[in-house]
Structures are given as structure tokens and as C-alpha cells.
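Structures for review follow.
Two complexes follow with chain A in common, the first pairing it with chain B and the second with chain C.
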Partner chain A sequence: MKRSGAFPWVMMVLGLLFLYAPIISMMVFSLNNSRLVTVWDAAHSPTLKWYGELLQNDEILDAAWLSIRIAIIASTGAVILGTLTGVALARFGPFRGRTLMVGMTTAPLVMPEVITGLALLLLFITLQQAIGWPHGAGFITITLAHITFCTTYVAVVVQSRLAGFDESLEEAAMDLGARPPTVFLRVTLPLVVPALVSGWLLSFTLSWDDLVITQFVAGPGSSTLPMVIFSKVRLGVSPDVNALATLMVLLVATGIVVSAIWMNWQNRRRERDAQLAAAANL
Partner chain B sequence: MNDQVCLKIENITKRFDDFTAVDNVSLDVQRGEIFCLLGGSGSGKTTLLRMLAGFEKPTSGRIVLDGVDLADVPPFERPVNMMFQSYALFPHMTVEKNIAFGLEQERLGRDEIHRRVGEILAIVKMGNYAKRKPHQLSGGQRQRIALARSLVKRPRLLLLDEPLGALDRKLREHTQFELLNIQKQMGVTFIVVTHDQEEAMTLSTRMGVMDHGRIVQVGSPSDIYEFPATRFVADFIGSVNLFEGQVQEVSASRLRIRSEELGCVICADREVACTPEAKVWAAVRPEKIDMTRTPPAAVAAGAGPENLCRGVVREIAYMGDASVYLVTLDSGRVVRVTLPNDTRDTESRIARDETVYLSWTTGSPVVLTE
Partner chain C sequence: MALNKHMRGQGVVISVPMIWMILLFLLPFLIVLKLSFSEARLAIPPYAPFLEWVRGLPRPVLHWNNYAFLFTDPLYVASYLYSLKVAAVSTLCCLLLGFPMALTIARARQPWRNVLLMLVVLPFWTSFLLRVYAWIGLLKHNGVINNLLLWLGVIHQPITMLQTDFAVYVGIVYSYLPYMILPLYANLEKHDPLLLEAAADLGARPFKAFLRVTLPQSIPGIIAGSLLVFIPAVGEYVVPSLLGRSDQLMIGRVLSDEFFENRDWPVASAVAILMLVLLVAPIMLFNHFSGREIEAHK
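== the complex of A and B ==
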């Protein structure tokens, strides 16, 4: 089948430009020698000097380190809570209050972030007055807030993964003599591992770039990377922010490419196995 | 005989909210037999099986296995294993690990487990596939692994949920005989649930037909086929012509039934408790009806026609070994007749639109009162 002319190609290029031109221009300007973001200093560019300056900037490095710690702890916590929720929703049958639980679990997906942030702020203040914990706003409150909204995503991913598996797998395990904890550890959990991995990565990115909710629950001296970038930009965009953002884009792109290659390889292997099995049909 | 009873089901009932899935079922299963529960979807056969495995709790009644009441025994402690319809092989484990899983739960030694896994793989002829994962196996191979996994624990009772349901036709026949072989070899009592009458007939030593949560009849396959107890059983197992009629005359060994839709009197051997003028049904299997171009001599001379009627062939379905004829009687009633194609002479066979006479012996009809 022959497609007519160059029209589809033109449209595709335009579409890609629309999506990626901003990011590309940002990456290009991160190599700019000039301090003025919008003026290209052709004489001395490209240069990596903003990347070098980035490494000297303690404020950014501290914020990045804080963000990484929060993201790792929050996504781990979210995976634990989200897995439990997802398993309960997918496997516990129509228990009393299930409908309510489904609603409450998925509500944060559609809740405006401002509201979630405000609610969490009020909760933390009340808690501090009532029981003296958490002590001040900062690392702990941000982490707790991130766990709250990331759990939802993990629960949804785990639940849909489990829904794809026959419930008789767990029954079979029990039938073969495994007690419920063994069934969970040796059958249910291994089945949802891919969901746990993607849930963790999803939570990590959500936590890593959350700004709105974090603004509400962060305290003095606990600025995450998105907060630092945002406040820097308000004072005028400086080229080192471009460099920082470029690094983040490259990191994410690498992750995506690696996982795409891996998934492609898995798919091919599965197809080959299925063909082998069909060929060996008794 | 009584000490041979392996499983005793006493007045088991299971209700889900206002729906009764299993309704007061009692059943004895002998040691070493293959008992088939046959029924359509929603007949309660799977629920009964799941109660035996322990996945459902009976609303009332008792399940006794070798003298032990299973009511409070959770599934993981029952000496009962189940082969699931979907096979439920663990997709993340190799064949070997799948089979070893049950033995690991018994905390057996590594060598013991290895030995028994090897043994059972040899029995199901899958020794070369120990390192494969389930998705690398064909349907028939998965079925064997599922069987091996449920047998390796040497259960006292093996439950099989539609064991051949997922296999294609050729494979089913082959697997059926293999299943019988393995059962004989291991001496395990099998309870098979199926909706496929052919599967039930060829596998089972005894079978129970279920309908709406009740067991309507228990017996050997030939008992159930030749002496169905109700119209449901007669119709469910194989195909049958059911003729409605009134009892005209009851004698010691004979029964005469006047059937308006048939246009003749049915004379049957069977002795059933019924009174004159009661409404009954005569069930005649299609292969037990004879079809001829001229009326049989013996009857032609008689006064009123008995076990004889006339009709026109409307449809013929050629099945190779036999042909099914649909004959429309003078009354408009359609009768199904099966004749073996015992010669290759296609010229002499009865053709469509021919007028034919249908007759049968007094031993053919089964008289049913419900």
C-alpha cells in the first residue's frame, strides 16, 4: 500500500516539533555561554560551563539530594501500602465497604492537588498541636504527603495486574497445602512484581516532580528540587536551570529507552516460546 | 461394601444469599472409583466440588472423608487435591517447581522432593520438560503437568474440574484413556465435574446427574443411559424422543400408553408404579427405533397399530458411521431416528421425502412419570 506524497511526513514533523521544540531549545540554551537566557552567544558557545557551575551550587545539590531521598522513601512506602490495597481490592471478594474503599482509593487521582495539599497541611498542623508529631514541617511531612498520593497509583496498577490473573492460582496454592501467608509470598507477590516495579517508578517520578502539594507541607530549609527551580525562575531564568533541566530530561530519556528495549526483548522471547510450544503440540 | 466408602456427603446445602446452589445433596463415593458429576452450567456441580476442596463452606450438612468430618478443616490441611479447569499452573515457576510446590509445603527433604517429582513426571510422560515454564507448553502438556501437580501429594481424593475441557477433540480421546491408566496406576479416588456427557460416560465408573442443585440420578453410565429416571436425565444424556401419553392399561409386565401426538399405542415392558389414565412420558432413543419402507409383517395384520407409526423423512444428517433422520409423523410430531450406515450401498438408503414406518420393540421405551 502506497501512501500519497509528503503530507503525512510533514504532519508528523510538525507534530513532533510542537511536542519537543520547547525541550530542545532548552537543551540548546543550556550550552549557551551568555548569562542572558535568550541571547545566543555564538562566539563562545557551545560550552559546558553551566554544568560545571551546577556542581558548585550547594542549594541545588542539597535540594536534589533531598528530592531523591524523599522520592525513594515515598515510593517505597507507596508500593507497600498500594500493594496491600490493590490485593484487597482484587482478591478479597465483595466485602462490606468495598465500594467505599474503591472510591476512596481512586479519589486522589481526580482530586485537585491544591485541595490535597491544603488538607494535608491542616492535618499536620492539627496533629502537631494534638500529639506533638510531626515536629515541624519538612522531610517527614513531605514524605508522608507524597506517600498519600502515590499509594493510589500503585494500588491501581497492582489491582489491574492481579485482575489479569486467574484467582484459581491462589486457590491452587492453598489446595497444595500453602497457608495464606505462604500463598501471598510465593504466588501473589511474584505475580505482581512487574506492577511493583512500574508502580515504584511511577511513584518516584510523581514524587520527584511534585510542586503543588509539596509547597503546602514543606517548611523552611526543606526545599525540594522543583521548589528551588520554581523559585529561581521567578527571579529570572538563569542558564544553570537549563543545564539542570537538561540533565533531568536525559536521565528520564535513558530510563525510557532502556525499559523499552527490555520490554521489546521480553515480548520477542514470549512470542518465540509460544511458537515453540505450538510446534511441540502433542 | 460399607467399609469401602471413601467420601460421604450428607445433606449438603449451599445458599448464596437467596440463591440455592446446592440443595440437600447426599452421596457416597467408593474408594478407587471415578465418580463423575454431570450437569449443565448453574447445576451446582462446581459449587459442590469447591465445597469438597474447602473453598466454599456448606450452609448445612456434613462432608466426611475416611471417617473425618471436613467441616473445620481448611483447604490447605485437607488430604484432597484439585485439578483446576484453567490448570492454574504458576506462571512464574518451572514445571519442576510447580510440582514441587505441594511437597515443599509438607516440609519434605530436598532429595525426597526431587525423587517424587521425577516419578510423577515419568508417569505423565513429561520427564523432558522439567525445566520449562508453563507458557512454553502446549495445552495438552499443561494438562498433564496440572494432573501431576495435584497427584504428587498422593491425595486420598482428587477433584478434577472439567479436566479435558480445554483440549481439542483428537487430544481429548487420547488424554481420556491416559487419565484412566494413571488413575488405575495410582489408585486414587477421582471426582470429576463435567458438562460433557461423552467425557462423563467414558471416564466414570459411576456418575451423578445434577440439575438445579440436586442430584437427580446416580448410577453407572449404562444405567443412566438405558434407564433414565426422569425426563431431564433422558434428555440431558444423549438424544431422545419423548412422547407424552395416558396410561391405558397396566398389567403385570406390560404397560399400554395411548399417545395422541404419536397416533398409536405404546406398549412397554417396564414396570413403573402408575395408575390408569395417569399422564406419563415414553422415552425412546433414536437408535432403538427401526425405520422401514413397508410396515413390519407381524404388526400389519393386527387390529390397532402398536409401537408403529407412519411418517415422511424431512431431513437427513449424514455422520459417516450413522445417519440421523428427522421424520414428521401424520400428527405433525417430529421423531429422531438414527440408523447405522452398515453398507456402502448408498442407492438403497432411505431418501428424503420417502414415506416410512417407524417401529420398536416393547423393550425400547422407558416410561417416565416425572
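== the complex of A and C ==
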């Protein structure tokens, strides 16, 4: 496409600058020797001392471990529930309760987190009074809350992936005598694998990152990583948080690039298979 | 197709997530609604029971006091209005910045298109909290921006940027920008370039062609993106807590303070319900548009 003018490109560059300037400044200052985060101590920098301090901070390490465990369980649960939801919405046509299901998968995407957090906490307290479970707030309540809000994201990803393929593949399998569970396992599931991978990763980051909902349902005993970071930075900037942020950004960037390459490779392989199949039919 | 067994399998697939979402999404809101009509008490839990037993029959007790309280204390009304204003201004800024970006991505050639898309989405995958925190270092009195401007000689006194409305706008636009760009991109990408060529052949200048061809087609994307920013921004908690003013709170912070600091659960619930009432129309609109427009999510 030509003739789109220079203006959109100028905005693009400004926009990317806006998106990346804070991250880059944070990375640079994580190497700063001074405790005064924004004053560059040229004599003693760059230094890795905040990274060293980070690795000795038990509070942060414990919180990170808790967050990792929650994120793994929550994203796995969310992938299961989200896949069922996505398949139902994309493949089952109109069914009773579909409108409700659509509403319950799109509304949580935009629902302000304070409302969801308050509602879930009140649910857990009510349940505790009624049936004595879950016993106290903590690991279980956080995980249940995270599964719930991650599910909707997975459902959207799976549904849009399935919308990209028409149902003729499944119908062909049925015509050849495959029963519905076989069709699901052998045809539908392989189609959505990329969506499951990105849904899982998305859920992991959402769970790993969530502060507001977690703060409501966490109870006094358990602090996830975002909770520890938030209580630290509320008191002002701290250089070890810069170091932590840099590590997280680098980790995520690596993950994204690797998964993009993997997806690309998958797509190429599929195209090649399609070409081979077409060639075989000639 | 419509075999009985088949239908039973479908029933399982539908009902498992359905039951989960009813239990953990719908039911909690009913509890909030119920609690908003209760009376606060100094007890555990800190509210009065909702049902009163009259001659062996349960009867709900509705206290409107919590709602009346929200309207009599100007603090709450001011917080609601301030939150709506912040969300509206931020959404507009997101749109003004995000639209040209989405347009550039949609019109870029491959592999540039994928690279740009990835650059826009990448920050979205890193910690939201840490990205907002990064702005403190930039906006502070002796922060990076002030130091840079002083060094360049543009200003002679540091500007106060942190703990202002400006900082909140920056923080919200920054953290929600990808939510605006993705649905817009999904929409713009589907436009037929032939229409623009036809407009050019008929003598329309690029700007006019944009106004008459591109813009009208992209309205569903604009609406979906704007709602995806506006609705959560109204209840935003982290950005105003880290970057915002301390003399004017946004409603999300008020709710959280009511719950955790004052331990007034019924008033906190009423704050939440009133926020939902304000947002119910935008949420329904979003449900209506999202089916088509977040298809290309990620």
C-alpha cells in the first residue's frame, strides 16, 4: 500500500517510543549504583549489585515462588475450561444458554478488577460460612479467582482460532465414521493447539501479574509477587525492583520471540502439508 | 449430526464451564447486590443478616441507607465523576494515538506488519504493575524527563508531573494502548484497498478518502477498542494509586479503602453496584461488538 502519508508513521514511531521509553529507562537504571534511582552515579556504574541483592531477598523469592505455583495451576485450569467454552461457542451453533455463556465470557474481559475482586472475596466468605470451605483465604482462593478471569481470555483465543477454520473438517471425519469424542481429540484439538499454547501463556502472564483481584482474595498470610512489589513501590522507587523488572522483561521478550518463531514454523509446516496433499490429489 | 449421544457429549462440554462461571462470576455479583442492601455491624462478618424470619417465613430486609449515603456525601459523587472524566479523556487519547498506529500496522507490508504488531503487543505481556511503576522514575520531580528538559534548557525549573491528572492520563493511556490498537487493527486489516484506489481514481485526496472511506468502515473497531479501554479505566486502581493525586481519589480506590480501611462492607458493595449500573450500558454494547471485533485478538 502506498499513499498512506507520513503522519501515521510519525505517530507509530512516537507511539513505540512512548511504549518503550519507560521500560528502557528502568533497565538502564537497574545498573545504577546509586540508591537515588534517577541520579546516575557515573563513577560506580554500571553495576549488577541490585541483581545480587535481589537474589538474597527472601521476601521477593518466596513471593515469586508462590506466584509461579499459582500461575501454573491457574493457567492449566483456565486452558481446560476456556477450551470447552471456546469449542462450545464456535462449534455448537445455537444452544440453550448460549447468550448467557457469551455474556459471561465477554463481560469479565472489561469488568473493573476492584468489582471482580470484591465479588469473589464475598463469595468465598459466604461459602466458608455456609459449607466451611475454602478454609481461610490464601493459595486456594487466589488460584480459583485466577482460573476464573483467565478462562475468559482462553475462551476468546480458542474461539477465534476455531472461527478461522470451517466445520467441514469435523464433518468429513464424522462422515468417515468417527464418533464425536474421536473427532474432538483427533481433529478439533490439533487445530486449536496453537491457541492452547498462547492461551496458556497469556493466562500465565495474567495470573503472574495480577494485583487487584489477588489483593482482595489473598487474605493476610499469603503475598504474591505483585503484592510485594506494590507495597515496596508505594513507599517510593527502589532499585532492586528495577532489577526485578529488567529480568522479567527479558524473560518475557525471549519467550515471545521463541513462541513467535515456533508458530511461524507450525504455519509453514501446515502450508507445506497442504501443498503436498494438493499435489497428491493431482 | 443430531445423534443423542452427540448431544449428551455437547451437554458436558457446555455445562462444565457454564457451572464454573455461574458459581464464580454470576453468583458473586448477586452476593454483592445482596450485601449492598445490608446494614453494617461491628461483628464478624461486619454486616447484618439479609433475611429476617417473620412467622417462620424468610423475608429480605432491604436497607437503602448505603445508597442514600453515597449520594449525600459529596466525596462519592465527586469520585464517580472524576473517574468517568479520567476514563473518557484517557480513552480519547488512546484513540488519537492508537488509530494512526493501527493504520500503519494494517497498511505495512509483511514482514514489517508482524514485527510492528509484535512490538505493540510485547509490553502488554510484561508486568502491568512494573510498567506503571517505571513512569514514577520518568515523571518524578528529579526524574528522567525533568532532568532531560533542564539539560536541554527547555525549562529552568522542574515541572511537577507526578501526582497530577496528567500522570494518571499518561499511565492509563500507556497501559491500555494495546487494547485499543488490537481491535482497531483487526478491523482495519480487513478493509479492501481497492476502495481507496477507487476513491483516488475518482479524485479524492488521501485525507478525504480517509474521512469518507476508511473512517466509516472502522467504526465497529473504534467502538470495541474504546470500550475495552473506557470500562476498565473507570475502575482503575493501580495507576491512580501510584501516579495520581492524593486529594482526589478515583472510585476504584474509594471502593478498596471502604472495604479494607473502613471495613464497611455494605458501603463498599453499594459503591461496586453503582459503578456497575454506570457501566452496564457500555458493557452490553461491548458484548454486542466484541464477537466480531476481537476475533483477531493476539
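Basically, the second predicted complex is superposed on the first by the 243 of 282 C-alpha atoms of A that agree within 3 Å, B and C clash if a C-alpha of one lies under 4 Å from a C-alpha of the other, contacts with A are read in each partner's own complex, and residues count from 1 in each chain.
Please note the rule applied: contacts are C-beta pairs under 8 Å (C-beta built on N, C-alpha and C of every residue); 3 or more make two chains touch, one makes a residue touch a chain.
Fair warning: this is a prediction, and the values are worked out from it, not measured in the lab.
By the touch criterion defined above, A:Val212 lies against chain C but remains apart from chain B after alignment on the C-alpha atoms of chain A. In the superposition on chain A, A:Phe7 makes contact with chain C only, while chain B stays out of contact range.
The wider contact with chain A, measured as residues touched, comes from C rather than the other of chain B and chain C. Judged by the touch definition given at the top, the superposed model places A:Met174 against both chain B and chain C. Of the two partner chains placed around the shared chain by superposition, chain B is the only one that A:Thr182 touches, whereas chain C remains out of contact.
Applying the stated contact rule after C-alpha superposition, one finds that A:Thr148 touches chain C and leaves chain B untouched. Touch criterion met: A:Ser25 reaches chain C, while chain B stays clear of it. By the touch criterion defined above, A:Asp273 lies against chain B but remains apart from chain C after alignment on the C-alpha atoms of chain A. With both structures placed on the common chain, the touch criterion links A:Gly132 to neither chain B nor chain C.
Within chain A, the residues touched by chain B in the first complex and by chain C in the second are 171, 174, 179. Partner chain A is touched in their complex by these residues of chain C: 1, 3, 5-6, 9-10, 13-14, 16-18, 20-29, 31-32, 35, 45, 97-98, 100-101, 103-105, 107, 109, 114, 116, 118-123, 125-131, 133-138, 140, 142-144, 147, 174, 177, 193, 196, 200, 206, 227-228, 231-232, 234-238, 241-242, 252, 255-256, 259, 265, 268-269, 272, 275-276, 279, 282-283, 286-287, 290-291, 294-298. Of all the residues in chain B, the ones that touch chain A in their complex are 53-55, 74-77, 80-82, 84-86, 88-92, 101-102, 105-106, 133, 135-141, 149-150, 153, 171. Within the complex, the chain A residues that touch chain C are 1, 3-5, 7-12, 14-16, 18-23, 25-26, 29, 36-39, 81-82, 84-85, 87-88, 92, 95, 97, 100-116, 118-120, 122-123, 125-126, 129, 144-145, 147-148, 151, 155-157, 160, 163, 171, 174, 179-181, 184, 198, 202, 205, 208-209, 211-212, 215-216, 226, 229-230, 233-234, 237, 241-242, 244-245, 248-249, 252-253, 255-256, 260. Interface residues of chain A, counted against chain B in their complex, comprise 165-166, 168-169, 171-179, 182, 186-187, 190-191, 270, 273-274, 276-278, 280-282.
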